[in-house]
């Protein structure tokens, strides 16, 4: 018979101790929107659930001069209601807003989305382009990992036994920088991304792109940074041919599969379209601020 | 018989009497009943799409302390192949039994094989793995085209195609063939100056009711059973269960819970007989609920189809010939709605020469069940698409083209009867004059129009109306209320009795309180049960008049009944219904009206839908930007619920056209058995759905009612697909028009 | 297995129950507490029939553990009306015939109340997107959205 043991520690240290000492399969829990479904499906495996939501800082977000410190368990609904976060990282906020329904938003978290490490996770490409850093705490102490190194495979990440994601920090963007995230789904809401693209651009006073980051999702085992797509934008005014080139670079960098949500050809094509559009929106956001 | 008549109650948008329970959460649905001592049942399902069962060993399960009962096919008493009325269509008893618990073969992934009852849901679930089954795995057959090939693996060794000139002596997957014809099809095509011939495909789809199948049952020491379940037809649940378990009808009481959607999918049984077996064996009440996964894999979806349609017309738009070959997937057992598909495919058109061929074919998918106008959406999709293509070729407006060939009163249908008064022309005219049809289209937008037909049925309904001493009354009827029909029963009784609707309480009673009532399906409820309500109310009126006559010492012919009041035409006196009821004890006892009818004269309902879509040509994504559903209701008893049927049918049809399909892997296992990846329309996917209620009264109903529940799902498939085709300039033939398919069509056209 | 004892508040009233740590809040509401107003349509957060609020936040109760209710304020459909008077939203759903089979209705009413508390003046599009997680198969959403917009208007007038 399956048994579940539930603990809700109030400090990071207690959480780490529980994870290290667990003899059952141990999983951390934030919003539970992926975990509870997985628990239903695994009828034969007993487990320890370590709920992180009571630990101070896990559910909070602060903006300082340096940037954003995001509690990994903070629910998406709360993130998307924060105008200060939206002003600095609109792409990240829109990726959080796209996860599931309003009800899912009331529980799902960016940290959970990252740690679940699905190839189609919406916030991961958006985190890539903001250059987020992940603070990990475990039995051997603290370490910081760039978000693009966090996810290592389908449903896999760099967390070792007893380690948990403590904080996501994002440096304050340079002036005249903005980002955007788009995903493609067959309906208007609810669906898992068929393809996703996040773009961050920095423009100079003439509107020329001086820096860019492009990341794509749902088209490879993990989200991918696409330096070639970024290069296609840098030095341009994001005119049609630059956008086209960026899109093509994204398509070329993708290695999608065919499954119930899309075919290889379809995903490869659409991720290019999304890259173009996300880049245009990010640029418009920069220009819009100046106008 | 109704002329254009002023109604006092009918046509009012009253609050439905069951509404208060529904908006507060008090209403009790299939999974909401718990009984003392209740235990839980769970089903073990086939991991293979096609396999022989070599051995079932339940001994470990039986021996386990948590397990209180185990059931397999062997627990059915001897079941023979017999056809009976188990729901909307005739049912083969042997097939039904084998579908509920597999015998020697599993015919689809998820096919039920055994069941366990235990004290908790999780204990029952865990114990399933104690049942050991040996299989001989066979190759799955997953498409009707493959299934019809002579070299295909055969699902049933005893299936020899019926309906051919000579019954073959080798088995195949073709259960039956049907042919309908009128006129001379070859002569018809010889006269044609323009011909369209095309193949069409529609996928396996699910009715998508939000409430999974659920039941709670108990059985006592005397073999008296109680079944509480979510069903469209509790009397047919009783009939099926009685046959399967060899019980007398009087030994089974079935209570229809409030039902959370059915659309035809709950007109058969899955869990109830199994729960009763477990209950009898364990001596405890048993509850069984399907998970959403089980609903998709193992209830009764709608048939996938492959069709070829050929239509010929003269240059002036007169259609001279209509031909169709319709191949329907029945799932693991015979019985697709191929028949109704053949009967409805061309019925909106008055054309002399028709030839229709239909095939009912088994495949390794769940046994199909009815889905809202079963067979018609698939068949008429093909016909309407071909007609729209033909209209384009002829350069004639699609409405004008249909008006020129429209079925009307007196049109000879291909399946036998001549149509009585019908409203297709009126619907087409309403479409022509609608603001929608006149509106301009924007960039990347396209418009599509299609017609639809469904016959509707009458059938048996039993109603009792009991009057209370204060002049209020109870309407006891037996049609599970899926969409608000109790409100309409209230209005029809009120109109007949001449007393306020709020004085009459409609109740859906269980099988012990009424004679047999046919399933809520076939769009029969407002028509047939309504007719019975009217007849029972008229019976009450007659008795009220008799009592008044007795009080006044006149004959009842001398009493008139006007607006709920008896008037003595031979004098001056009046008596209200309340006054007569108050004195009922003294005038002979309480007053009840009854009606047990087999309603005839169901009027078909025609519809015409208009759809505008906008297509993102870079991704193939389709947005429905405007939608109008026009349909003939005969007489709308409660307009809000008639509109609701139009909008609901449109919404299901839009989903069918755009995103819904069963996706299978190469092992015949469904990959999208949940609401995440089986994509029904969301609130954000749809615009407001404008409705137009056309009323061409049905002469056979006292108020002119036609059933409206089903026709509304027929036009949207072609209306949407035509709109998409027009938006992208490429003709779509396969559903769904999901983004990858639309994009591919755009790209292939270059 | 030892069950966990949970103390919580449901619709403003103190409630205690026992549950397995792995039980969902939906399961607890329906089976432990006999509060069957909250419905199960899918058990995986895709249909919204099980919508409740936890500390004022709209969630799917099938994706909340029963033990998480400890110390929280839960809002279910049973708590929408006050005494025997329907909430405006419930009244409008009835007037607009915004339900046919009614199985999605409890979830929709809880969600609508959460919507209008967050945004008392939603546009039609905002309402549709907020409610996208509440599936309805019967109505095509038209009358539901009309009921929501009408409720919003009335509630703004009363405020």
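Labels A, B and C are assigned to the chains in the order they are written; within every chain, residues are numbered from 1.
Definition applied: a residue touches a chain if its C-beta (ideal position, glycine included) is under 8 Å from a C-beta of that chain, and two chains touch if they have at least 3 such contacts.
A quick note: this is a predicted structure, and the numbers were derived from the prediction, not measured.
Shared contact partners of chain A and chain C are B. Greatest centre-to-centre distance from chain B is found for A, with centres as Cα means. Compared on C-beta pairs in contact, A-B and B-C come out with B-C as the pair having more. Distance between chain centres (mean CA atoms), chain B to chain C: 29 Å.
Centre-to-centre, using mean CA coordinates, chain A is 44 Å away from chain B.
With touch defined as above, residues shared between interfaces to two or more other chains in chain B number as follows: 676, 681-682, 684. Multi-chain contact residues, meaning those touching two or more other chains, occur in chain C at positions 43-44, 46, 129, 131-134. Each of the following residues of chain A touches two or more other chains: 1-2, 188-190. Across the complex, chain C is touched by residues 1-6, 8, 31-33, 36-37, 39-40, 49, 51, 75, 77, 100-104, 106-107, 188-190 of chain A. Within the complex formed with chain B, the chain A residues making contact are 1-2, 43-44, 184, 186-192, 194, 259-263, 266, 269-270, 273.
Considering their complex, residues 1, 4, 20-22, 24, 43-46, 48, 51, 54, 57-60, 62-65, 67-68, 111, 114-115, 129-134 of chain C touch chain A.
Those residues of chain C lying in contact with chain B across their complex are 30-31, 34-44, 46-47, 49, 76-78, 80-81, 86, 90, 93-97, 99-106, 109, 124-125, 127-129, 131-146. Residues 13, 15-16, 18-20, 22-29, 31-32, 34, 207-212, 258-263, 289, 291-292, 482-484, 638, 640-641, 643-644, 647-648, 650-652, 674-676, 680-684, 686, 688-689 of chain B are the ones that touch chain C when the two sit in their complex.
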